[in-house]
Structure formats: C-alpha cells, structure tokens
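Below are structures written as structure tokens.
Next, two complexes with chain A in common: one pairs it with chain B, the other with chain C.
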Partner chain A sequence: MRLVWSRCGHALLVLWGALTLTFLALHLTRGSVVDAIVGNNTQVTPAVRAQIVQDYGLGRPLWQQYLSYLGRLLHGDLGTSYQLQTPVRAAIAEQLPPTLQLMGLATLLAVTTTLVVAVATARRPAWLRAPFALLEVAGVAVPQFWLAILLLTVFSFGLHWFPAFADGPAGLVLPAVALAVPMAGILTQLLRDGLERALEQPFATTARARGQRERGVLVRHALRHALPPALTIFGLLLGSMIGGAVVVEQVFSRPGIGSLLLTAVTGKDIPVVLGVVAVTATGYVAINLIVDLLYPLLDPRLKD
Partner chain B sequence: MSTMLVVRDLSVTFGSGRHRVDAVRGISLTLRAGRCLAVVGESGSGKSVTARALLGLAGDHATVRAGALELDGTDLTRLGPRQWRRVRGRLIGLVPQAAMVALDPLRTVGREVAEPLRLHRAVPPADIGERVVELLTDTGVPEPRIRVRQRPGQLSGGQRQRVLIASAIACRPPLVIADEPTTALDVTVQAQILTLLDDLRRAGTAVLLISHDLAVVAQLADEIAVMRDGRIVEHGPAARVLTAPEHDYTRRLLDAVPGRGGPPAPPPSAPVVLRADGLVKTYPRPGRAAPLRAVDGVSLRLHAGETLGVVGESGSGKSTLARLVSAMVAPDAGSVELDGGPWHDLSERERRGRRTEIQTIYQDPLSSFDPRHTVEVILRHALQAGGERRRTVTDLLDLVGLEHGLARRRPALLSGGQQQRVAIARALAVRPRVIVCDEPVSALDVSVAAQVLRLLVGLQREHGLAYLFISHHLGVVREVSHRVLVLKDGRVVESGVTGEVLDAPSHPYTRSLLKAVPAMPPREAMR
Partner chain C sequence: MAVADLPPADLAVLSGRRRARGVGPVLAAVFLVLLAVAAIAPGLLAPGSPDTTSTADLLRPPGAGHLFGTDQNGRDVYTRIVHGTRDSLLAGLAATALALAAGIVVGAVGALGGRIADNLTMRLVEVLLAVPGLVTALLIVAVAGPGTTTLIMAIGFIGMPAYARLVRGQILQLRGSAFVEAAVAQGLRPARVAVRHIIPNAVPPVLLLATIGTGAAIGASAALSFLGLGPRPPDPQWGAMLQQGQDYFAVAWWTATIPGVVLTLTVLAITTLGQHLQRRFDGGNPG
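Presenting the complex of A and B:
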C-alpha cells in the first residue's frame, strides 16, 4: 500500500513539472504574451486584447499568474482559442473520442500481435523466426506516413477491403494498423528476447524434466519473466503514440487530437497547443502510473 | 531386484564437421531398483550431458545415439516427443543442480511441486493440495502449509533443494536422477539431503547420482562409474573403487580430495600482521525491530606466514568478517590493526596508500575482472597500482604457474583454475602482507582445487604471506590452515590449532559440522 501512495505522489510530481514547463513556455518566450495567445489571428480588437490581459491577470506578478494558472487547470479551464473562437477544453473534448478510439484499437492490435507472434516464434527454427524478425525490423524502420499511404493504396484503393475515408468502424481499421505496426515491432522483439532468455534458465529445464511441454514452459513459466521489460517499453510507446496519431490522422484525413494539434501548431494557436500538451501529459503520467502499479502483480518479489 | 535402467553404447555429440564435440563417447550402465549408481567426473567429463540424454533433454543441437536405452523394459530410443513427456516426471524424476535457481522464482512452492502431479494426473485435482503438503512433509520441509504459499526466494538453499526433491518424486518415479544435488549447500544441509536420497533408495527407488565430489558419492553409492572425456574409465562397487582404484585417473581424483592428510606443521613464530578486537557489525532487518548481528564480538590474530581458517555455515558471518578486516565496511564497534598500525579508523584517503598490504581473492574470480581487459592488462594495472618497477607481467605469470601465452587472452576464455591463478597473481602484484581468501576453491573441480591450494601453500612459504582463509569446506580448511576459527551466528564458538579443533572439538556446533562432513577413508589406508 505504501508503494501505491509513493507511486501516486511521484506521478503527481511529474505532472506538476510538465504543467509548470508549459506555463514557462508561454511566459518566457520573447515578445508579448498577448501576441502569443492571439497568434496569427489579426482580427482581434483591442477590446479582446484587454480582455485577455484581464483573464490571464497579465498585469500581476508572475507568481500570482502561475498560481491562478494552476487554479484554472484544477477546474479544467484550459483557456480560450481566439482562432477557433471556442474554449480549448471544448475543442479538445470534441476531438478526443476519435483519437481515443484509434489509439485504443491500435493498442489492442499491437498487444495481441505481440503476444501471439512472440510466443509462437520464441526459440523456434530459423525458417519460422526469420520472416517475422524481418517484418518486425521493417515495421519499426519504415516511416509511419509511408506505411499509412501504402496501406491505403493496397487495401483501400487496390483491394477495396476497407474504405479509405469513413467514420464507421471499418474506416478505423487501416489507421489503427498503421499506428500499431511500430509498437508491435518493438514489443515483439523485446518480448521474444525475454522469453528466450527465460527459456535458458535452470528453472525451465526443471519444468521440462517434470514432463512440461515446451509451450507449457513458455506460457506458464517464461512469460511472466519476460513481461516486465516489455511492459515498461509499452508504457513509453503508448505515451509517444500521440505523435504517430498526428501523422496517421493527417494521412487518413481523420478528425482527432492529432489534426487539432497540427492545425494549432501551424496556426500558432498557443492556447490549443498548451491545452493538448497538458492533456497528453496527464494521460502519459496516468499510463505509466498504471504500469508501475502492475509490476508487483507480475513479480511479487517487488512487494517485499 | 529388477533392472531399472539399461544404457548400452550411449554417445552424444554436439554440432557437426569441424565444430563437432563428442561429449559422451559410448558409455554403458545398468542400474537396478533400490540401488544407487554414481557417475563421477570433473567439469567437461560428460556426466551432466549423460543425465540430460537419459531424460531426452540433451538439447536441440545434440545428436544422441545408443545401442540400447531401456527404462524398466521400455525402449526409450523409440519414443516420440509426446511419449518422452509422459516419461519425464512420471517415470524419471530429476533433482537438478543449482538449487538456488532451479525453481521458478515467480511461482509459489506449492505450484512448483504440484506441476508434475497436474501434468501426469497422478492424483485427482481436488487432492493435489494435500499431496503437495504430504510431499513437503516427507522431504523434511519445515511448516509445509506455510511454505506452499511462499516463493523460492523466501526459502533457504537447503529448503529449496528439498522442494526440488519433493517435486522430483511427486509421481513416485522408479528412477531418480540427482545431478550434483548438494552443490553450494552447507555441510550440515548436504548431509541431510544425502540422507533423504538414501531413504529414497532404501524405499526401492533407483538413484543415479551425478557428482564431481567423491566424498559425497562415498556416502550413497553402491556402484561408482568414473567418467573422463566422455568415457567411463573405471566402473565397480563403490567400496572397491574408493579403496583400491585400478585406473590412474581415479587414483588422482581420490588423491585430490582435500582434508584427508594431516594439517600443516605450525609455522615459525612471527610478528602479528593482522589483529582484530571485538568486531561488531549489524545490519537492519526490514520489518523487525532487532538488527541482524552479522559479526558479533570477533577477535583474531594473524601472524606472518600463517593461515587462519574461518569455518561456519552460510549466514555465520564469514564474509562480513572478510569485508571488515579488508576495510570494505566499517565496524559498529571494535578495531582492526594492520601490520601494527591503525587500519579501520583511517580515512579512506589515508587508507588507500596502504590498501596494497591486504588483498582479497574471491570464489568467483571472473566477476572481479573487467571482462574487456586481457590478462596482461589486468596484471599490468595491478603492478602499476603497487608502484612496481622491477617485476613484469611475465614474472607474475611464472609465479602462479601460468603459460606466458595466456597473457593475451581475456579471462572469460580461461578455465576456472586459470582464472583463480590470475586472481592470485593480481593479488601478489602489489606485494601484500595479508591475503583474504574467500572460498577460493569452492567453485573448482577437486583436482584443480588441489593444485590451487598447493600453489597458495607454496607462495606462503616463499613470501611469508598470511592468509585469512574462509571456507565452508572443512576438508579444504584442514588442508591449509595452521589455526582455525569456528563461527556461528557471528560469534566465535571455538578456536585453536587446526588439529585440536578438528580432531577433538569441544563445542557441540563444531562437532555437528564435522559429523556432517562426508567421511572418506584416510589416505594411508588406501594403498
């Protein structure tokens, strides 16, 4: 239980650091803060600018601004986008569901593929392993936008298996695959490596000598030893998936956080950029907190 | 009694062409129910490969051929993978070596012992829990109902070996293969495990014992087969092989068993080089109020040219004592003097200049070398550290009896004995007065261990070195030590001249240690 609290405290600390950095990013840039917030929108009246100074408390000392910034975050107020003419929170809330669907399906695909391929190819003859190993390296090495275009060309325009641009579940498949491939590539290599190392351990020999089948040694003994390192990397990859979502959403012309972020960055819509950063940082910290709390379940020795 | 195992002309090869290694070259064995056959040999003799081949687990790269391989009348050479699985664990139980790592550290003891029962459906699923407790009780695991829910990491080495035996005999196999079942265990625990295997044999199980330790084998075996380079060089009743060996190699192995000669003659009186008084070292124990008193009021004197043996079981404080006298850790109380000057209370900066006076050699020399350095670099660094101008790397190699050509190799490519010689050379490079030897031969084959011990004794005579010699092996300690210190729970329970302490012990603990040592006939009686 103490472990849980200390992990949670640690996660909050990281989150606080990330949010402080976004505050500093806005306030320590050159030029006026108001200009940064307004961005490329040139049709902002002096009245609106005065409103911004009022809202952000820009006349006050920096530490007061900082505290009120944290206070607004606590209430879920991420500011207003003067380009979209909406609160940032509403903009993100609107774009979050399609991205979560995409990342959810991609994660599911990646994890399933990893488990199946790693268990099926660990310590198997080269003719079975080599093709998969090649695909894994290719999956990691190929640029994601190119992979996305390739999938579109082959499975949508060529074979007509999946629609190219559609809102329904069928339209989710190809982008999810494009997003899942690099993750599956890295995780499969990692997991198989761990499995093979565990299969060399003396306890694996003991299990075989009891009459356990190779598959049984793999699933009942080796898997639990191989999972923790893969889980660590899984947490990190999941956090960085938002970068992949930017590319994939763009290629498949899907709505989502990625598209929102891209538009905001190109249009210098700083409130939206900072809002997306705050939301993804929170997600990232939450995911890694869950991963940390999963370890002791996999390896009970960590509890002692 | 029925014949349980027949092996005729078994050979195992690894690889092919130029990389082909013949690990086992045509051996034949028979073993009857209720008997114990010991296969004895040193590392690389092929004994463990034989054991694995009998389980059909020689490995993916091995080719196994046999004129006959019969278990209780069943021809094992004709078995497919599925049939082999029905043999393993049900008809043949394996007690593996390395008890510390042979159990899955992430699974509970109960599930490990239950695995063969589940796989072979030996008992109805509902009764498995009861049967596991019964097996642990039979093998002498204390508090079995608590243990089944614990993980191997929470058990001592001896308890883990008992758990392994429980899992090996769970389905009551008629043949048990015990591959070095007592390696890395204390003498007292070793004696208990051997008794357990002996009970199995008496109950009618055929036991195939694989070991490098003739003293262990002497306790249990009805017959002994001595293996060397994949062949059996001598085979016969245990009593005959141990007392009247016919083959030269067997004789050499027997000669190498330490502790069967008398202790060394006392050295001429010399000044004290290492002196410790009332040393105490405690470590906090998580979850418990009282700290662990690892070393508790130990005093000792070590004279130049003398060896002081330190014996005791795991956890008796031997290694902590070694770290205290070499000032790797600071004592909570007490003092250490080196060469008549202060030692433990110096600042690390002051101490560094005198570190050359006391050196340590470890049980596992390999992990004390930088794996990327060659022997030459390792020794040159040591010579530079000692400010040596006259002696060279070749001088050091000559000193420890290593060929000059080995200087260009990396330590990982050397044999265990050669690695330990390099470690000794490195210690000698700085011209120390005292060498702390922490289990220096415990990981070596008997004949190699004997050579390393001879080297240490020779160097002591030549250079007047003082050894603090730590070992759990009483035979080794007897062979080299002038005086002995017996440690139990961090305290000295007995000390004195080797012959007196080990031949006429006054403390019950020393007596129990000695009683547990596998007895071998004394050397003189053999000729």
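Presenting the complex of A and C:
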C-alpha cells in the first residue's frame, strides 16, 4: 500500500513538472505572451489585446500568474479559445469521445493481433514466421500518415469496402487500423521475443517434464511470464497514440482531439494547445501509473 | 508515429535476438549509399530540374519517359524524389544530432555532477517523457511558428530525454570499472578522468542507438511536413509531396505512393542497419 501511495505521489509530481514546463515554455519565449496568444491572427483589436492581458493577469508578477494558472487548472478551467470563442474545456470535452472511440478500437485491434500472432509464431519454423516478421518490421517503419492514405485509397476509393468519411462504426475501421499497425508491429516483436525467452527458462522445462504439451506450456506458463514487460511498452505506446491520432484524423478528416490540436497549432490558438497538452499529459501519466501499479499483480516476484 | 515517440532504448529491445539474415543489412547499406549520392549530388542520378513543368505531361503514369510518372504540374516524380532527398533527410539527421548532443550533455551532467545535479536532470527527463513526443513537438511549433528550424528543434527536443537516460546509465556503469579506478589511482583530476576516459567510452553504444533514432526522426519530420508544419513548398520534400499527391490519389496513385515507398524504405534501411550494428557491437556475433 505504501508503494501505491508513493507511485501516485510520484506521478503527481511528474504531472506538476510537465504543466510547469508548459507554463514556462509560453512565458519564456521571445516576444510578449500576448503576441504568442494572438499569433498571426490579424483580426485582433487593441481592445482584445487588453482583454487578454486582463484575462491572463499578465500585468502581475510571474509567480502570481503561475499560481493562478495552477489554481485554474485545479478547477478544470483551461481558458478560452481565441478562434472558437468557446471555453477550451468545452471544446476538448466535445472532441474527446471520437478520439477515445478511435483509440479504443485501435488498441483492441492491436492487442488482439499481438496475442494471436505472437503465440502462433513463437518458436515456429522460419518459413512461417518470416512473412510475419517482415510485416512487423515494415509496420513499424511505415509512416503512419502514408499508411492511412493507402488504406483510404485502396479500401474506400478502390474496393468500396468501407465508407471514406462516415461518422458511423464502418467509418471507424480504417482509421483504427492505421492507428493500430505500428503498435501491433512493436508489441508482437516484443511479446514473441519474451515468449521464446520464457520457453528456455527452467520453469518451462519443469512444465514439460510434468507432461504438459508445448502449446500448453506456451499459453499457460510462458505467456504469463512474457506479458508484464510488454505491458510497460504498451503503456508508453498507448499514450503516444495521441500523436498518431493527429495524423490519422487529418487524413480521414475526422473530428477529435488530434484535429483540435492541429487546428490550434496552425492557428496559434495557444489556450487550446495548452489545454490539450494538459489533458494529454494527465492521461499519459495516469496510464503509466496504472501500468506501474498492475505490474506487481502480474509478476508476483515484485510484490515485496 | 509510434516509433518516433518510443525512446530508442526501447527500440533496442526489439533488435534483441532476431536472427540477422545475411542480405538485409547489405541491401540496406546499398540503399543508403544511393540515398547519400542523391543527397550530395542529385544531378548524378537525375540530370533534369525537379521544377520543370510540362503541361503536355500532366499526371502521366510511370513508364518509359517518366520512370515514376509525373505529378499534377507535369513535374517528373523521380527527379523530384531524388532532388528532395537532401531536404527530407537533413531535418531528421540534424534533429538526431541535436538530440544526441543535448542528451550527452544532460546525461553526463546528471551522472558526474553530484546528487543534486543528478536529481534535477533525471526529474527533468521524466517530466519531458510525461508528454507524448508529437504533442510536445506540436507545442513547440505552436509557440515558435512552423518552418525547418522549428521542425529540427522540436524533433531534437523530443529525442533528447532517451539519450540522456542512456548516457547517464553508461557513465554510472563505467565509473565503477577497473580502468577508471586505475586512472583515479594514478592521480588524474576528476574532470580529466571524465573527459578522457569515461565519456569517450560511454558514447559508442549511444551512437548505435542514434542510428535507429535517425530513422524515427526522419519519419517524424516527414509527418510534421505532411501536417504542413515543415519547410514551405515548392521545395521537393517527400512529406510535402505526399501531402500534395494525396489530392490526386484517386486518379494518379503514383504521386503519393512512390514518395511513401521511398520514405518507408529509408526508415527501414536505417533501422535494419542500426540493429545489425548493435548486434555486432553487443559482443555477440551477428549471424
């Protein structure tokens, strides 16, 4: 239990650090903060500029601004978007569900593929695993945006299997595949490697000596041994999926956090960018915290 | 994008035990030599100008006259790919160099600067890793504005923490080794021991990882260019070519397919070669 609390405390510290650095990044750049917030938006009148100074409390000392920034974050107040003219919090809340759906389906696809392919190809003859190994390596090397374009062209425009830009579940398939491929490629390689290592361990020999068949040893013993390390990387990949979502949502013209972030970046809508960074960092830290906490449950050797 | 976000140290795990096939690294090396020629002297491989437009040859499919076809302005795709090599690779290479240099400094300060410095740098690394790489990169672009310089800075910045961690680990390991103790026993000053003995030995494994990291950085820079945050058109840059080709994909598949294939092969070749080198230097034999 002490471990749980210390992990949580550590995660909070890391998150606080990330938010602080974000704050500093905005305030320590060249030029005034107002310019950074306004960006290349030419329709900003002096009155709006004064409003920004007022809203952000830019006349006050930096440490006061910092404290009020943290205070507003604690209350879930992320400021107001200068392009959308709506609270950032509302904009994010509106765009979050499509992205979560996309990432959820992608994760499901990636994890299922990983488990099936890794278990099916571990310790198999080279001719069987070579094509999979090639696909895995190519899946990691292929630029995600290009993969997305290819999928869109071949399966929507060419074969008409899936609608190109639909809102329904059918429209979710191709973007989810594009998002899942790199994750599946990395995880499959890792998991198979772990399985093959585990099958050489003494406990595998013991299980075989008790008369268990090789597939049984693989599924019942080796898999349990190989999963925890793969889980750590899975946590990292899950967080980085938000980066993939930016690209995939752009190609498939889907709404979502990625599109919101990209529009905000091109339009220099700094409050939205900061809001998305804050939400993403929170999610990322939380996912990795959960993985950290699950680890001892999966690997009893770490319980003490 | 996943690879760009993944610390090189984790990518290294992937190269662990897969058996190297003889031809892979050789093919990769040949391809990279071709790329190097294209980057240094594009005229040797493609004598024409990448910007020559021809209204008679709009969107011609690949064939005898145009090896990879022509684009929507009648420009030869092959020539544009060859001439775009330098810009497409340079950003990734520069970003990796930047990440590496910054990572070595931060890692060395952490490992050699005492407990406070170690705590500060490693907490910083943790904090930087707490935001997904591409999101950090987009934040930097948002604050600094799009362009090649920002692109390099952003990708270099998100690559730094992983190298810093590895350098620190390497140095801490070397500090306890016999030859460093011998150097200290001979009465060399700590700074001299660090510069002459520890750092040179800590760098090679990091350089190997950087090879793999370069592939990821090239992919990331193409992705940012594709999102319209990189160099301005009309420079032939693979990511930008892909973005423009996307609009004509339904009628002319080659305009976006071929730059994508070249980009994928580039990342693949660099990764293959990096993993091969890593296996060799990790003490085991590559075969």
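Here is the rule we use: the second predicted complex is superposed on the first by the 304 of 304 C-alpha atoms of A that agree within 3 Å, B and C clash if a C-alpha of one lies under 4 Å from a C-alpha of the other, contacts with A are read in each partner's own complex, and residues count from 1 in each chain.
Keep in mind that, in the parts below, a contact is a pair of C-beta atoms (placed from the backbone, for glycine too) under 8 Å apart; a residue touches a chain by one contact, two chains touch by 3 or more.
Quantities reported herein were computed from a predicted structural model and do not represent experimental measurements.
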Exercise for review: Quick one: on chain A, after the overlay, do chain B and chain C clash, or do they fit? Just give me the call.
Suggested key: fit
Practice item. Please indicate which partner A:207 is in contact with in the superposed arrangement: first for chain B, second for chain C, both, or neither. Key: first
Review point. Looking at the overlay, what does A:247 touch: chain B (first), chain C (second), both, or neither?
Key: second
Check your understanding: When the two structures are overlaid on chain A, which partner does A:25 contact: first (chain B), second (chain C), both, or neither?
Key -> second
Review point. Taking CA centres, what is the chain B/chain A/chain C angle in steps of 10 degrees?
Key: 80
Practice item. Using the touch criterion from the header, give the chain among chain B and chain C with more contacted residues in chain A. Key: C
Practice item. Applying the touch criterion given at the start, work out whether A:105 contacts chain B, chain C, both or neither, answering first, second, both or neither. Key: neither
Exercise for review: Considering only the touch criterion stated at the top, classify A:117 as touching first (chain B), second (chain C), both, or neither.
Suggested key: neither
Review point. For A:301, is the partner it touches chain B (first), chain C (second), both, or none of the two (neither)?
Key: first
Practice item. Between chain B and chain C, report the minimum C-alpha distance in the superposition, expressed in whole angstrom. Key: 6
Check your understanding: What is the shared patch of chain A, the residues that chain B and chain C both contact?
Key -> none
Exercise for review: Mind listing the chain C positions that touch chain A in their complex?
Suggested key: 1-7, 10, 13-14, 16-18, 123-124, 126-128, 130-136, 138-146, 215, 219, 222-223, 226-229, 239, 242, 246, 249-250, 253, 256-257, 260, 263-264, 267-268, 271-272
**Study point:** Residues of chain B that touch chain A when the two form their complex
**Key:** 55, 57, 85-90, 92-94, 96-98, 101-107, 115-116, 119-120, 151, 153, 164, 167-168
Revision key, fill the gap. The chain A residues in contact with chain B across the complex are 201-203, 205-213, 216, 221, 224-225, 298-301, 304
**Study point:** Residues of chain A defined as touching chain C within the complex
**Key:** 13-15, 17-18, 21-22, 25-26, 29, 36, 133, 137-138, 140-146, 149-150, 152-153, 157, 182-183, 186, 189-190, 193, 196-197, 233, 236-237, 239-244, 246-247, 250-251, 261-262, 264-266, 268, 270, 273-274, 276-277, 280-281, 284-285
